[in-house]
Amino acid sequence: MLQFESLSELWNMAGHGPYVWACYLITAIAIVYLLVSPLRRRRQLFEQLRRQARIEAAGQSDARRPDF
Amino acid sequence: MSGRAAGIDDSLQAQATPVPGLWPGFWATLRRDLLLAFRHRGEMANPILFFLMVITMVPLGISPEKAVLAMLAPGMLWVVALLATLLSLDGLFRSDFEDGTLEQLLIAPQPLYFQVLAKVLVHWLTSGLPLTLMAPLLGVMLSLPEGGYGVLVLSLLLGTASLSLIGSIGAALTVALRKGGLLLSLIILPLYVPVLIFGASAVTSVVEGFPASGQLAILGAFLATSIVLAPLAAAGALRISVNG
Amino acid sequence: MANPLIQLEALSCERDERVLFSGLDLSVFAGDVIQIEGPNGSGKTTLLRVLTTTSADFSGEIRWLGQPLSKARLDYLNNLLYIGHLPGIKKGLTPGENLRWFCGLNQGHQRMSMEEALAAVGLAGYEDVPCYQLSAGQNRRVALARLYLTPARVWILDEPFTAIDKQGVANLEKLMAEHAAGGGCVLLTTHQELDLAGVRKVNLLGYRQVRS
Amino acid sequence: MGWQWFHRLGSPRWFYEKSSAWIPWLAVLSIALLLWGSVWGLAFAPTDFKQGNSYRIIYIHVPAAFLSLAGYYVMAISGAIGLIWKMKLADMVMKSAAVIGAVLTFVSLVTGAVWGKPTWGTWWVWDARITSMLVLFFLYLGVIALQEAYQQQDTANKASAILALVGMVNIPIIYKSVDWWYTLHQPATIKFTSESTIHPSMLYPLLVMVIAFYLFYALALLLRTRSEILYRERKTRWVQELAEAGKGSH
């Protein structure tokens, strides 16, 4: 059964709203952090590996050129 | 024992080298570390001075009033003794690591457990024991009520030994790190919580007129458990630190 | 043919996700003096540390008198003497006290008195001088004095000639020859050319893994 | 034969490839349950007549607290597996579990503190459970700090695994000690009884949230371990090919 009659009442929660919503917000941030940070790390790693591969490929095609 | 002038031939090949004794190895390290501690007596005084100075800060920072100090005394003495132990722990294996004797310790034909135990025993003899003996004096300075002194000494005696043992794990884990000291405190302090709780509570309860035998028994149990387990963990940690 | 003292079977070492060497097979017999060679970073020290059991970064099998090291560890360590980069000398103690500690760990199995051993490395009369008053070379020699004391059959020496003068080098070479002749073995690294007959050389470059 | 799966599980690549199939399921299920449980707990569960609406924090505080403790055991046990069987995958799980556990412990600490304000009128109370949680948080931080302090990955893993194991042995002792300490100093006015008086209609959303948090934990651990696998195997061909093929996609 829905406990609140309006959105503002749900927001306010008879004065306890700020506390409750703050907790849920903090948890949401933590959850998003835990989900996004490994994905971000993976994307950065892949970008770095691709950059390295490009440099290596370029180096190989210039292999006959003397160093410096 | 092979003879003094025995040629290399017969001493090497004739019989398998006998396995060295356990206690002689233990004593050798114990004696060596005690000797070193004695040579560096100045350093030995540092934790005690730290103990004294921090306790001096308490009335300065809070209040010189007798009633207030008496209430704080058990906990304060325990917290500061704990910190003083922690301060001296960083050096437990560090100098051995730096001059290569730790490496030699690891490859000695001795169980590392007893070697670690010998080193921790010396650490306790040179930090925990003097701290314990100092504590009644500082108790007077903090106007610890009369009945508390015996239990204060007894609880510190049992407790600081556990602190040295548990701390040896942290010292072993951080010995290869250049800035291991602070990290050592971070990883070891949470593990000190039970000892602190029961140590301080033993003194408090006897001051308030209750028996402290329960707390002391638990401190004894902590000590027994630490003697069995902590050197094992520290020995494992030393192998890892030296390997890395 | 006698049985080898130490056998390495397909030994590979990996450090920092880099393979230093792999597929190293080596049998060390009584009487062997083996010089491990290779440029810096080829894993000489790591190999010696693996052989002293202080490093576990390896795969493959090490045998002591035919038994896997894991089973014969105590007996092996009892027969091992290792002198590494760090001399393992406490600066706060005297040479005599340092040696007494080493002998205490292997209690009762020394071949001569400490005074004789110190005299053999040219430190007679220094028994009671604290090591921090000695030079680096003298400290090194305190460590080498252990070679005269130990009954161990396996000597593992990492750059033993560092900071040692000519006479000292000659003495040490003679000592190693005697040790080998007496049924022991020596594994060492050095940048110097050894003036010893029958030194076997193992170059780690030959076991470097080729990346496919 | 029976051990084959164990050795294959030890292969990070095998695990990486196998586990990609689980992620969508876990993600959908855990997010859906989290949303369902939250909406239920926030809007539909009855208001507690003693604590009012502030008790709704329980729906995240308690599951987070459960998982911070369970997570420590996950970390320590995988650390032990890594130490004993030298299984690389277990080391990676341990490292990932340390961070996730610390974050969840932090969440349960903060939600506990915020909950304290309307209930006890103060942000921080030295309540037994919160104090134990704080010590647990310190234990996590110690493991992470030790892990970070070592340059060499292998040493870092082994050292932090030992610390995690020592912590695991200590946790029951610490919890019991803090409990005992609390009963000694407990002021009579503060009594934390919400759980003993909880009504079944308040319990069901909690159950949903606990399951949701467990699933989410599995998801987070999986994602983090997978990114750790890629990082540590970055020099191998299969990861480099994956990078080439992957371009930007998930």
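Chains: A, B, C and D, in written order; residue numbering restarts at 1 for each.
Rule of thumb we're sticking to: a residue touches a chain if its C-beta (ideal position, glycine included) is under 8 Å from a C-beta of that chain, and two chains touch if they have at least 3 such contacts.
Please read all numbers here as calculations on a predicted model, not as lab measurements.
Considering every other chain in turn, the ones in contact with both chain A and chain C prove to be D. Taking A-D and C-D together, the chain pair joined by more C-beta contacts is A-D.
Chain nearest the geometric middle of the protein is B, using mean C-alpha positions. Averaged Cα coordinates give chain A a centre that lies 18 Å from the centre of chain D. Centroid to centroid, with C-alpha atoms defining each point, chain A and chain B lie 45 Å apart.
Chain C and chain D, compared by their mean Cα positions, are separated by 48 Å. Per-chain Cα centroids separate chain B from chain C by 34 Å. For chain A, residues touching at least two other chains: there are none.
Within chain C, contacts with two or more other chains are made by residues 57.
Residue numbers of chain D whose C-beta contacts span two or more other chains: 152, 154. Shown are all chain pairs that touch, namely A-D, B-C, B-D, C-D. Against chain D, the residues of chain C that register as touching in their complex are 16-17, 57.
Residues of chain C that touch chain B in their complex: 30, 52-57, 74-75, 77-80, 82, 84-93, 97, 100-113, 116, 151-153, 178-179, 181-184.
Taken in their complex, chain D has these residues touching chain C: 152-154, 232, 235. Within the complex, the chain A residues that touch chain D are 1-4, 10, 13-17, 19-20, 22-24, 26-27, 30-31, 33-35, 37-39, 41-43, 45-46, 49-50, 53.
Within the complex formed with chain B, the residues of chain D that make contact are 135, 138-139, 141-143, 145-146, 149-150, 152, 154-155, 158-159, 162-163, 165-167, 169-170, 173-174, 176-178, 180-181, 184.
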